[in-house]
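Take a look at the structure below.
Chains here go by letter, A, B, C and D, matching the order in which they are written, and residues are numbered from 1 within each.
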Amino acid sequence: MKRLIPLVLCFIFGIVMIATQFSPHPISKRVYEEVVNGALIISPFALVLATVTLIQTHATRILRRSDHWQYSFVVFAGLITMVVIGVPFGPKNTVFEWLYNNVQVPMDATMFSLLAFFIASAAYRAFRARTTEATLLLVTALIVMLGNVPVGNLVWNKLMSWTPWVDQASAAREWILYNPNLSARRGIILGVSLGVISQSVRIILGIERSYLGGGD
Amino acid sequence: MKQKKIVLWIMVCMVMFISGTIAFSQEPAPIPPSEPEEAEVPPSVDPDVPSNVTAKDTPNDDGTSITVTWDIPPEDSGVVGYKILRNTNGGDFEEIGEQLTPLDTYDKREKINKYKDSKIVKDTSHAYIVRAIGANTTAESQQTAAVMAKAQWFHTGEIPLFISMLIFCAAIVGNVYYAKGGKDIFVRRIPGLEAVDEAIGRATEMGRSILYSTGLGGVSDVATIASMTILGQVARRTADYETPLRVPCKDPIVMNVLREMVKSSYLDEGRPDIYNEDNIFFITESQFAYAAGVDGIMLREKPAAIFLQGTFYAESLILAETGNSIGAIQIAGTDSEHQLPFFIAACDYTLIGEELYAASTYLSREPMLLGSLRGQDLGKLLIFVTMIAGVVLELIGINWITTLLQRVS
Amino acid sequence: MLTKLVSMDRRIVFILVALAVIIPMLVNVNLPVSTSAPTQKLYDFVEALPKGSTIMLAFDYGPSSFPELSPMAKALLKQCFDKDIGVVALTLVDDGTTLASTLIEEVAAEKNAENGEDFVFLGFRPGITQVILGMGTEIKSVFDTDYYGKKLDEIPMMENITNYDQIDLLVDLASSNTTEAWIIYANVQYNLKIAAGVTGVMVSQMFPYLQTGQLNGLMSGILGAAEYENLVEVQDKGMQYINVNSFVHILIVLLVIIGNIAYFTQRKREE
Amino acid sequence: MQVFGIWVAAFLTLCIYSFLYQDNPLYRFAEHLFVGISVGYGIVLSIHEGFIPLAWNPIWASLTGDSLSGLWKLIPIFFGLLFFARLSPRHTWLIRYPIAILIGFGAGIAIPNVLRANIFEQTRGTIEPFSVIHSQTTGTAVEVMPSGEFTVFIIGAVLMVIGVICTLTYFFFSVEHRGPISWLSKVGICFLMVGFGSAFGNTVMGRVTLLIQRVDFLLNTWIGSIF
């Protein structure tokens, strides 16, 4: 009951999803669509549950007066505002859209843009030519960076004006991206894909059960 | 002895693979001949009667179309276009669709004229006539036999895919049982894994916590499952040392599984008393809000060791750099190949791609994982052989491997 | 001094990055931009189109990549409106709709282009493959109305346009794999000519298609946008951003070099 | 309202940038607000774009109309509701049912697609350049490449095969890396490093452009709106 039924459900859904992809028959197409739709319906329920957990966590923080407990009120404020406006009036409501455009999107974009700073500091700190491998990493990163901006070609054309080749900075970048870069990525992708397949096979056949957690 | 067996195995797989694929590969079409062009035809000639007209149920479809084919006429045939006529259950013939140019009906691969009628009436039979249109006159073909469209249960074009899927499955399952039978399987040393104990030890010495993130992946992602297994092992050690283990989650389902998992690790070590469910908690499903939340935790709690294992996207560097700034030992691992460079640059140790999966095997030493790891290695060998065989064959002008791989995808 | 340089506080790096962005932005330095062949190819293609041709513009990007791709869209739209080339715009990404409509309306207002006469914005429909294939037979079968709810039959510009046969070029502005889908379904099956503008990270995936000639031109990232602005002679975000970008790139390269010099001198001294 | 929006956005942007200096109350405020807002946004979207169109509308349609097919949706809803079992410690195990379905579903979808798109496609991509080499050398090619370009092409194609094979060798786990295997895998690591370096360098431009856009917003849209 506690372990067998989940394993059976997992097996059935796995096999059905594989079989329907090999069959053009309308019935199998219909089954495929229904299952995909069903999965889309199940997933949001997990979020409702998560919200309950989130509320519990922050409520405990407030009750126990743990560190920075005051900020938990901010979480509630944001959550309640969005839900009170969004659930009855829908996401196309003007106030909801205003909140999305002026609160969520700018914060999202700003967090994303932090990467520019972190890339610079990571490069400064970690790009040291200590070993052959590190040197390769560093040199290719520099070549590709210079090939990406017009300054790269400008510098090349100034320094290398005595050779017949122009704009080689961007050409070098292209070659690196298309050749060694692609072969390394292919190697990783092939390995990872084999891992994905073997994992999926184990899951469907019920050999891999870690997702059930421990206990009986 | 063992090696001989492996070689034998590979040989069997290869033979099956090649024979299976030869059967379904076709002679590749070279560059198509000059495509029929309407402009060059002298206008006075009567068009040739379309020859060899046949109608067939379209193979490998859901029973909603019939395919009509006929020969390509010689260049001076005077044909400028075609119209298709159809009858239903032996009734009168009616024109269907617009007038087609020879370019519309030309099928490059089979070098034949082809028309797919996908507006058929269900469960009725249709017969077809092809009318060739000349400059002034037209010519009609014989009518075809009446056919009824049927839906197929199996797509024959997918047979190679199906066979290779079965081979992989067999390789993995076979090896899992081989390993379960008590046979020892070697796993190579994975650099970075030795650091796991060091990291936990240091956190214990300093009296600080350990932060473990399984990334943004859902519960069915391989990386997440591998990460869960590693977390299970880490949790056993933290239970021993009584080091607090904090796990912020992005996916509510993953959170639930992790709680069960960590709880059972603590139970196994006999320390259910120090397991605290609140240490495995949900932050949000939004990518950057999650990053902001985890960053906040890092700065406030200053964990001594940080594990970033699983699927990560752009937020990888935000997390890794913040972790670095508080001086934590960082062990990262991901199969998202775009994010690997950032982990390599910012973390102390990084498990690259498949190493993450292997790491969970290495730590847990479970026969099931050991076996499938060996199965995966056999898969890699198979890819090697296909690649080298493909290159050699291409160089001598035989390209059915390429054609086959292309047709399947 | 050296030790300090080797273990420099990262906040100094942050300040340097911020300055490398703010100063060039305020001062407006202009570095020359040369044009790469794939961008030139796209420009030449559009430039050679006669008056009254139609191009299709797919805005397949969301808010996270709009800084890179919207300058391309602007430059291309300006070129089309100046040359009286009709534009049929659409998006395959759900969060691209608002971005696309705002951008088109802005450029149209500047160039006095009429909605329905000079351009049409079809909006968004889910299902990438189905949308691309569907429009190959009839655009109306996928988009019965435009974004503003007007029936396609009532739009003057759409009178002579039924499917890809009347479209001279499709330009896909993409931040994910949509370009591949356009090539596989619209180019291979319907012979639609395709060009693309993609984010910098995506560029390497596009090289094979350029080689085979399936792409009639390619703008790569903010650099491509700047090159295109240069070609159509407008001064806009693309140029500004690539100039600033140059400074940040130079800064990072210098930082790496200085870091290495400091590191090795220190190590030598220690020995 | 629009000007107010710009001010709010600018304030929050600065709050988050303040994190670069160190943790502080402003960042904590923005961080918690961000978490709250994003969870709320997620809930609203999963109700309005997920539950209502996918489950509620079909059920409602079959309750009011003739076709009963929408009632199929009651099955996934039932399984979804099982998630609430988490609230009662004695029945927690019930959530394994929906989780098992989602996992089996994901695994089933993955197998054929990964095999097709990643393994077959990537293998083909590695072999294919050699057919170009064959057609160029035998003179059957449509367009003949200039000899310089062709040399570069051959080097590229050969390097690609070597790179893929060496990188894959690095990922052999059940064999000890000794002798020739260790050499191959060392070359593989070199390829990996070059790949990582170029990916790193190539990402810089995109990320910096995002930063420039934020600074552009702060300098021109926000400060610009004051003067």
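Throughout what follows, contacts are C-beta pairs under 8 Å (C-beta built on N, C-alpha and C of every residue); 3 or more make two chains touch, one makes a residue touch a chain.
From a predicted model like this one, the values you see are computed outputs, not experimental measurements.
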item: Farthest chain (mean CA position) relative to chain C; value: B
item: Central subunit by CA centre of mass proxy; value: D
item: Interchain centroid distance [CA atoms averaged], chain A/chain C, Å; value: 23
item: Centre-of-Cα separation between chain C and chain B, whole angstrom; value: 29
item: Computed distance of Cα centres, chain B from chain A, in Å; value: 17
item: Residues of chain A engaged with two or more neighbouring chains; value: 18, 22, 46-47, 49-50, 54, 68, 104-105, 107-109, 111-112, 114-117, 119, 121, 123, 125, 127, 137-138, 141-142, 145, 148-149, 177-178, 181-182, 185, 188-192, 194, 196-197, 199-201, 203, 211-213, 215
item: Multi-partner residues of chain B (at least 2 other chains); value: 158, 161, 165, 168, 219-220, 253, 256-257, 283-286, 288-289, 292, 300, 321, 337-338, 340-342, 344-345, 352-354, 376, 380, 383
item: Sites on chain D at which at least two other chains make contact; value: 16, 19-20, 28, 30-31, 34-35, 37-39, 41-42, 86, 99, 102-103, 105-107, 110-112, 115, 119, 123, 125-126, 161, 164, 168, 171, 192, 196-197, 199-200, 202-205, 208, 210-211, 213
item: Chain A-facing residues of chain C, complex; value: 8, 10, 13-14, 16-18, 31-34, 36, 63-64, 200, 203-204, 207, 221, 223, 226, 242, 245-246, 248-253, 255-256, 259-260, 263-264
item: Of all residues in chain B, those that touch chain D in their complex; value: 30-31, 158, 161, 164-165, 168, 185-188, 190, 218-221, 253, 256-257, 283-286, 288-289, 292-293, 295-296, 299-300, 337-338, 340-342, 344-345, 352-355, 358, 361, 373-374, 376-377, 380, 383-384, 386-388, 390-391, 394-397, 399, 401-402, 405-406, 408-409
item: Chain D to chain A touching residues, read off their complex; value: 1, 5-6, 8-10, 12-13, 16-17, 19-20, 28-51, 54-55, 72-73, 75-77, 79-81, 83-84, 86-87, 93, 96-115, 118-119, 122-123, 125-126, 152, 156, 159-164, 166-168, 170-171, 188-205, 207-208, 210-211, 213-214, 217
item: Complex contact set, residues of chain A against chain D; value: 2-3, 5-7, 9-18, 21-22, 34-35, 37-52, 54, 68, 71-72, 74-83, 86-87, 90-91, 96, 98-107, 109-117, 119, 123, 132-134, 136-145, 148-149, 173, 175-194, 196-197, 199-201, 203-204, 211-213, 215
item: Interface residues, chain B side, partner chain A - complex; value: 60-64, 151-155, 158, 161-162, 165, 168-169, 172-173, 176, 219-220, 222, 225-226, 228-229, 232, 251-253, 255-257, 259-261, 263-265, 267-268, 278, 281-289, 291-292, 300, 314-315, 317-318, 320-321, 324, 335, 337, 340-342, 344-346, 352-354, 357, 368, 372, 375-376, 379-380, 383
